[in-house]
Structures are given as C-alpha cells and as structure tokens.
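Note that the chains are named A, B, C and D in the order they appear, and that numbering of residues resets to 1 at the start of each chain.
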Amino acid sequence: MQARVYVTLKPGVLDPQGNAVRGSLEALGFSKVQDVRLGKYLEIELAETDPMAARASVEEMCRRLLVNPVVESFRVDVPGTP
Amino acid sequence: MSAIDAETIARHGLTPAEYARIQEVLGRDPNLVELGIFSVMWSEHCSYKSSRRLLRGLPTSGPQVLQGPGENAGVVDLGSGLAAVFKMESHNHPSFIEPYQGAATGVGGILRDVFTMGARPIASLDLLRFGAPGNPRTAYLLAGVVAGIGGYGNAIGVPTVGGEIAFDESFDGNCLVNAFTVGIVKADRIFRGSAAGLGNPVIYAGARTGRDGIHGATMASASLGAGSEEKRPTVQVGDPFTEKLLLEACLTLMKSDCLVGIQDMGAAGLTSSSVEMAGRAGNGIRLDLDRVPVRETGMTPYEILLSESQERMLLVAAAGREAEVEAVFREWDLSVAVVGEVTDTGRLQAFFRGELAADLPIGPLTDGAPSYDRPAAPPRDLADRRRFDPVALPPLDLAGALLSLLSRPNIASKEWVFRQYDHQVRLGGVVGPGGDAALVRIEGGPLGLGLSADCNSRFCFLDPYEGARHAVAEACRNLACVGAEPLGLTDCLNFGSPERPEIMWELSESIRGLSDACRALAVPIVSGNVSLYNETEGRAIQPTPAVAVVGRVDDCRKTAVAWFRRPGDLVALLGRAWGGPPQLGGSERAALAGVTAGRPPPLDLELEKAVQLACRTMVRAGLLSSAHDCSDGGLLVTLAECCIMGPPSERYGARLALDPGDHRADLALFSEEPSRIVVSFGPERREEVERAAAAARAPFSTLGVVGGDALAVAGLVGLSVSRLADAWRGGLPAVLGR
Amino acid sequence: MVGIVVFPGANCDHDAYHAVAHVLGASARFVWHKETSLSGATHVILPGGFSYGDYLRCGALARFSPVMGEVRRFADAGGPVLGICNGFQILCEAGLLPGVLGRNEGLRFVCADTFVRVESADSAATRGLSPGTVLRLPIAHAEGRYQRGPGGLDGDGATGRTLLRYCDEAGETTRAANPNGAEGNVAGVANRAGNVVGLMPHPERASEAVLGNVDGRRILEAFLRC
Amino acid sequence: MQARVYVTLKPGVLDPQGNAVRGSLEALGFSKVQDVRLGKYLEIELAETDPMAARASVEEMCRRLLVNPVVESFRVDVPGTP
C-alpha cells in the first residue's frame, strides 16, 4: 500500500525557494502567479494491508522524522482512509 | 490596545521594578508597542545589563585599534591602507531549538555585522559545544548545526576556515554556536551605525518583514525550560541568497558617498537598529511603519517593530541621494524604501496609519538601560571540584591510552565537520582547517591573516580566571604556529543565569582572566558578545569565555603546517620539556577516566610570550617544516597528530626519545602543561633554530627524527601511523552513529 | 577577452577572474546576468556559486537570466564555454550539456581535494592533455552527482563526451574515489563539438603555488589557448 | 485559485534522499517501510478564475521551469479540472 505525505512550511514561515521560483515565473511572463510555496512530497510504500494502521504509522513517521514541527506541517493521504 | 497588566509585563521578560522605571522615565504608562520596545532593548541580549559593568575593565586600546567595542564589529589596522573588521556572536538558544536554521541565521547575522562596516567578509570560524557524545540529541544537533553553518556560509561564498568543537554533558540542554567573521576594508572607508544629519532619510533595504522571530532577543535572554518548545514559532529562516545580494548591493553603495550610516537589523530588528543609530548620533528618528516592506498582510506596529526577519539593513543617506540608494538595491532585486528621517527630538517616533504608535526617548533605551551589579560568589562545591590526585587515576597501558584519547571526540579529527564547509572559496586558504590556526591570504597577497578560536570549557569550570587566560594564550599560540602576530581579539562569553551568584562569579573571574592575558600579550579586545542564561532547569553549562584572535602574517608564502612533512627532519619541543608533576587537572587524560577535577595547569605568560616569539620568528624565517601546539591530550597526543594530520601522501612516523623522569609515563606524557609547541625542521637548520629559541629565551629540546611508518617512542610505545590515523579519524563519525 | 558571467548568487566569479587575469595574465571582464551582450568576449566562463540560491534545482533558475540567450548563441557558433561547478549545473539545465547533476549520494556538501583522470583531449578544456593524465583538483558542492539520464551522454560521443573521471592517486576510477556517487565517476563532460565544457572540480582554486596546488592551471591554460 | 504540483523522480532514477529516509525509518523501528521516494510539492496561487486556463498555464510552468524532464515527471492538480 502506498501512502503519500505532503510537507509544507507553516503559514508565515519564510520560503526563500518559493519566492525565487515566483520571481522566475514572473520573469518568464507568467504574470498571474501571486504566490508560490515549495514543500516536500513523499511516496511511502508499506507492507501493510490495513489502511487505518498504515495511516497511523505514517503519521507517527511524520512526527518523529519526516517533518520538522518547528517550521513545517504535514498532510497524509492513504487510500481508503478519511 | 490591551491594558498592561502584571502578566503582560512578565511575558515581556521585565521585572516589576523595571516596569516601574519605565513608568518613571515616561511619566506615564507605556502602550503595548512601547512595552515591547523596552522589553527587547532592556533584554540581557541587547542591554548587557548584567555584564556591562564588568566589561568596562577590558583592555580595548592599542595603536592598531581603529574601532573598539561599541560598534557592529571591531576594526584593527593592517597597515598599507587596509583594516580587518571582525566579531564573534552567539546563536545558542535558536540553534538548540532548530539547529539548522538557528546556526544558519547565526552565520547570516555575524556576516551582516561585518559588511555593515564596509568590509568584504573573507573568512569565518565557528566555535561549537554539544552535550555528551552518547546523548541521542547530540548527533541531531551536531548534524543540523554543521549543515546550517555550511548551508549559509557556502552559499554566500565566505569560507569557513576553522573553529572549535567540544562535547560535555553540561551542554546537554544548551548547545553553543558561536560564529566569527572577519572582513577587509580600506582603513579610510569604514562605515558606522550612526544616524547623523537632521532631515536625512532613513532607508530600509533587503528582505521583507514577516512575523518571524518576534521576541528573539527576549528568548536569548531566558533559560530554556520545559515550555521552550512553545517558543518555536519565533525561529527565523535564513536566506543566504538574499544576503549575498544584500552584501553585494551594500558594498557597491559604499563606494559612493551617499551613505551617512548603516546598521544591520539583528536582534530586535528595526527597533534596535533605529534606536542604536539614533543613540550613537545623539539624534532622534521618525519612522513611518506603513512604508516598511512587509511580507504578510495585517501586520501590526508591534510586529513590524519587533520582527527579527533576516537579511535586512537600515541606512541613513545624505538628503537628496535617495534615488541613488534605491537604484542600487533595485538592481540587485532587493526591497528598498525610505521609511523615515533623522530628527532632533532625541526620540524614536513610530507612526502607523497616521497615528503615533510609539514615542520614546532614545537615552533610556540605550545608555539608560538598567545595569545590575549582581551578587557574585564562588560556587559552594568549588573545593570539591578542585580536589584531585592525578596519581589516583587508574594506570593505563600507554598505547591503549593514546588510541583512546585520539578517538575521543574532543581530540579526534574534525574532518567530518569541515568537509561540509567550503573553506577555499575566494582563494584565500593558505592554511585551511585541520591544523592550529587558519591562514587566509588577503586579496593579492602576500599579506595574510592568521585566525584561531579557542576555549577550554573544562578549565574554565575548574577555574574561570585561569581558564580564560588559557583561552587567550592558546589562541595566540595557534597563531604563532602559522607565523602570525596577534593584532586583536573578539570574545563571546557564554554562561548560565546571571541571577545566580556563582555564575556571576564565573563571569567576573573569566573577564578578569581575559583582561590579564590580553594585557600581558598586548592583544586588545575590539568586539565581543555576551550570552547568558545558557542553562536548563537550573543546570548551567560549563563557563565558556570563547575567544577568537586575528593576527597578521606579512608574507603568507612563509608559513608552516601542523604535520610532519619530510622524513629526516628533526623534531623538537619549544617550551618546558618536563617540569614538576604532570598537569592533569581538567585534562583529557583525567576525563578518559571519568574525572573532571583539579585545577587547570598554571600558565606563565612570560614563558608563553617567549615560546610564541620563538615559533613566530622561526616560521617567518622559513626555518620550519611544521609547528603544532600542544593542547588537549598533551605531548604524546600532539606528536601523534603530527604524524597523521596531513594528507595521505604526507603521513610520516617519527622515532623519538621522551623522558618522563620519575613520573608515571601514562600520566606524564598526557600532561596538559601549556606553552609548548612541537616543531620539525631540516637537520641543516638546527643551529639557526636553536639560536632563534635562545634569542627568544624559549626552552628548547630535541625529541627525535621524522621517518618510518610508526610513532616509536623508545622504550615506551610504538604504534603504526595507520592505526593512529584510524583511531583519530573514527572518533567523530562514531558520535554520529555512522 | 574572457567574459565571466555574474549570476545573482555566483560566488566564484572573483576567483575565476583572479585566476584568469592575475595568475594567467589573460584579459577578462565580468558580464552581469542582465546584460544581453557578451561585449566581444572570445571565451565565456560560467563560474561556481549558488545562482539564485540553487533554489528549486541547482542551475534551474539561472538558465533564464537574460544573458543566457547570448551564451547559447555564442556556444552554438562554436565559442569556448567553460562551466565550473554551478556553471556546469546551469549548462546542463540549459540543455547545452547532456545530463543532470543530482544531490550527492552522501547527502552532504563536500569540500575536498579529489583526483581526476583525463579521459578525452577533445575539448576546449582538455586539449593538449594526454588521456590518462591524473590531476589533483578540489571540489566543493552538495549537488555534483552526474547522471546521464535517458538520451543523455552516450559512449560514442554522439551527444557529448566524458572529459574527467574521479579516480585515486594512481588513476584507478574506484568507488572509494568517487566523492558524490556520479555515474561512471564522471567529473566533467563536453558537448559533442567539444566547445562547451562542464566540470564539477574547481581548476581556478588550484592555480597558485601559495594555495598548495597548480594542477588546475593546465585546464585553464588549455581553455585560454582555444 | 490554487494549483498543486507534484514533482517526482522518474522510475529507475536513483533517489539518495529517499533511500536515506527509508534507512532512518527502519532504524526507528518502522519495519514495514519498503520504499520511500522523495519529491517536491508546490502550491501556486494564481489570479485566474478559469480552471482550464489555470491548468494549462501551470502545465506550461512545469515544462519550462519547475521540472527537469531528464529525471523528473509531474502531476498537476487544479480544482475543477479532470
């Protein structure tokens, strides 16, 4: 089963990368871009058949390793879970 | 605006007495914005309220000093129209909370302190302390801090050429990250943080202001407690790319004559930069907060004034030259705005949406900040700390002890760290990290700067006075090893809570030690920083009065490295070979047995001067192949290092005779007696070398000869260079669990 | 005259200038990335550093700087172009060189001396060096792992050729001598015509005896001879 | 309108960061993790009301800047588009 994790910077935290990308997009003529935030996207393959157990385990991974709670927040996507 | 109640006051880190003083100064209650301003300006970090009186005694003058303490950085004259600008700063608390960003923004901050004075930064050092190697958090902090320092310094293109790193469980709850930068400026083009000239425009440049880091200065002035996790949102994110643009834009602008004053927005952001600039000029400043470039909507005056967003500068330009200033920052794609002007009110007046959001007199915020003469008393357990009998240390087999010591993280190779730092960019690295001092060529050469940062926290724990003297002596001794003559010193005083008498005693003893050593060695202190409250739940760090010394090398083609370079060279010791009993108080040898006790070795500064002079003279005359000072671990460790510090193609053993006399070899050979340097030189130079030692009145004794693939000490120990190297190289990676 | 392109965030621009102008005595000039002309440069260097902070992907944002149009025209016309470190990354992103540079296998920034073996003398930076020559050159990067990518660098030089491979002191291209996990130990490549060159090592840092290494001069001298 | 972009390494392209994360997760005791791939996640704020136009524009951004086609592929998510 595959879980997907989206890690984003918390609102208000400076995103130098996103800013630079926005600047370049503007320079390329994409004038409608108002803001860009750059985060991480993880695909985690698990030997687990119970979706709820998978979600719980991935959320635990986020808290312990994948996410830096000082500046980041996360969202987890596991098929078959809310 | 919410009322100022007792809880609000406490949350701002102000005591009831301090609040009463604010009311008295103003003749009214402050509003919340004003309370915030007082809170940061009167924080320990900005006001030095517990240390100011003690710092007055530091020796800060000398013929070479162009700028002593009181500006963004100190400046010493290098001759030929150039000057060196340098300072060291702590970023301890933020780094403990978020190691990567904390360390990165620490580097960013010290770089700004240097280029705000008109200097191009040419090299950085970092002095680090972490908890016990076995503590799981140690590896996490170490990896994050090192990555953060590299992440910022490498990107901006300022080489990190050296530093110091040590581990002790007293740092388990409070790591230390002290960052040093030196830059070069034309001696007649030094810029200062002064808001001179009534009516001159006040200009904001750099990154936009966000809500990050509000109250960083207050955080840096409080002990970390169980609740410190909640302070996390105040951590700032560094953007070295923007800082690089800011650096180039500022240096470009400084070639013209349109700038009157400039200062970076560091701790306490727009507030402290405008207040300090106004204070230095004896003027006032009016700010229009609506014009400050912001990154988020709905920011309040409180937030705009107290934000610690990084990569920002405050400038005062000559009236009428605004457009030139703006054009330069725009060319570098940076935000820029005129946000106010210099006034004759002697007040900081901040307007927001047509209303006066804050209106405060400058004086009470700066010179008039509280200054405390806090009680000081030696720690009650001092006598226990100092009770120590080296002979009671369990005997160890010499080879085993040497290998164990070499792999101890405090002694082991720091390569894991400095490989992650670009130490070559800007083509200055004549002697890079991994030796004693670094030697950086100044653009064009042959002039160079020797740089070294040092402090033995364990010595300071046992005797802060003596420990501080050792720090100065060792840094200068390291400089002597590359042939540099000390010109000036910057310090970073890291201690626990000043509200405890024993910490105040440690602080005052350390400052006394720094002063005495600097006077004796004729090295003025031109800048520095104090970081207090490095303690968690009542447990303070070992006192760490870190120093960094900058020295001059006239011709950096004539220098020495720390390791043996040629088989057949003679090995000799400058300094006392064998004195009285082994000096093991606070030593690595004792720590290996689990003991931190005793007194640091006595330091004779006259002897120290003689040894440094002798070494410097020899290096400058091109007599030496190598010079390496004896510090942690003592003579045998130093000799082993001489065999293994070089690149793989330059690793040679040595055949030596050492005579510990009546003392146990497993103690005497690890004695940390100071004022000693191991040198090597071609046999044909022997007479000249001996003459130089005698002329400097430095004791001198030959120990043996370079060669073979083992360190062989007659009758005592023989170990292959590769075994020594493996032990030494493996020490730090082991801490990281790799 | 050597044109040294200054991207925002470049930090080895002065080093390249120093090596070319002060050490090797060639004439050189900085070209600001917003310029749309190379002002008569006969050689172009894209120096190392962190253009645009290396944000998104290293070299990705610099590729769109105004000056890059001119650099492309210059390269297409056969002019010698040398990208060092970040310059190499930019040339790959711009499609002027095949392949891409990924995050180092060890995930950390590495500043160290490496040995490299010359594989081909058929380029603007290796002409005159015999294949098999071993040079000691410093590297300093976090993203230097060369990947050919499908359709990238091939064996027969149709899309470009390998110029340098990481090796040990004896010239063996061992895994231990590979500092970043680059495919095939590749440290430098050229385009098919050989006039566009990208190197992860920094020859400009190895051009003066006082800095302890002069091996890089041979590369810079070869380049200037073009 | 917000568009979301997921950038992933193409199959077969080495992912040292993903591997390192997998190693660390295993060391932490997450024994069911079989594979981790690390990609990028971008949130792009656009001054655009037509979802199809937004999607077209963001796909163009991906091709020109956000994605290196040698080693990466992408997926775009715009509310109100397929």
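One rule holds for everything that comes next: contacts are C-beta pairs under 8 Å (C-beta built on N, C-alpha and C of every residue); 3 or more make two chains touch, one makes a residue touch a chain.
The shown structure was predicted, so the numbers you read here are calculated from the model rather than taken from an experiment.
Should one ask which of B-C and A-C has more C-beta pairs in contact, the pair is B-C. Distance between subunit A and subunit B, defined via averaged C-alpha coordinates, is recorded as 37 Å. Between subunit A and subunit C, the centres computed from C-alpha atoms are 34 Å apart. Computed from the mean C-alpha positions, the centre of subunit B lies at a distance of 41 Å from the centre of subunit D. Looking at subunit C, residues 52-53, 55-56, 61, 64 sit in touch with two or more other chains. Residue positions of subunit D touching 2 or more other chains, listed in rising order: 65-66. Touching of two or more other chains is recorded for residues 239, 241-242, 333 of subunit B. Counting only pairs that meet the touch rule, the chains in contact are A-B, A-C, A-D, B-C, C-D. Within the complex formed with subunit C, the residues of subunit B that make contact are 147, 150-151, 154-157, 239-242, 244-245, 331-333, 418-427, 429-430, 441, 443-446, 556-557, 647-649.
Only residues 10, 12-16, 19-20, 23, 68-71 of subunit A touch subunit B when the two sit together in their complex. Residues 8-9, 11-12, 14-15, 18-19, 22, 34, 48-50, 52-55, 108-113, 138, 140, 142, 169, 202, 204-205, 208, 210-212 of subunit C are the ones that touch subunit B when the two sit in their complex.
For subunit A in complex with subunit D, the touching residues are 6-8, 18, 21, 24-25, 28, 30, 32-48, 57, 60-61, 64-66. By the touch rule above, subunit C contacts subunit D in their complex via residues 56-57, 60-61, 64, 93, 99-100, 102-107, 145, 147, 149-152, 181.
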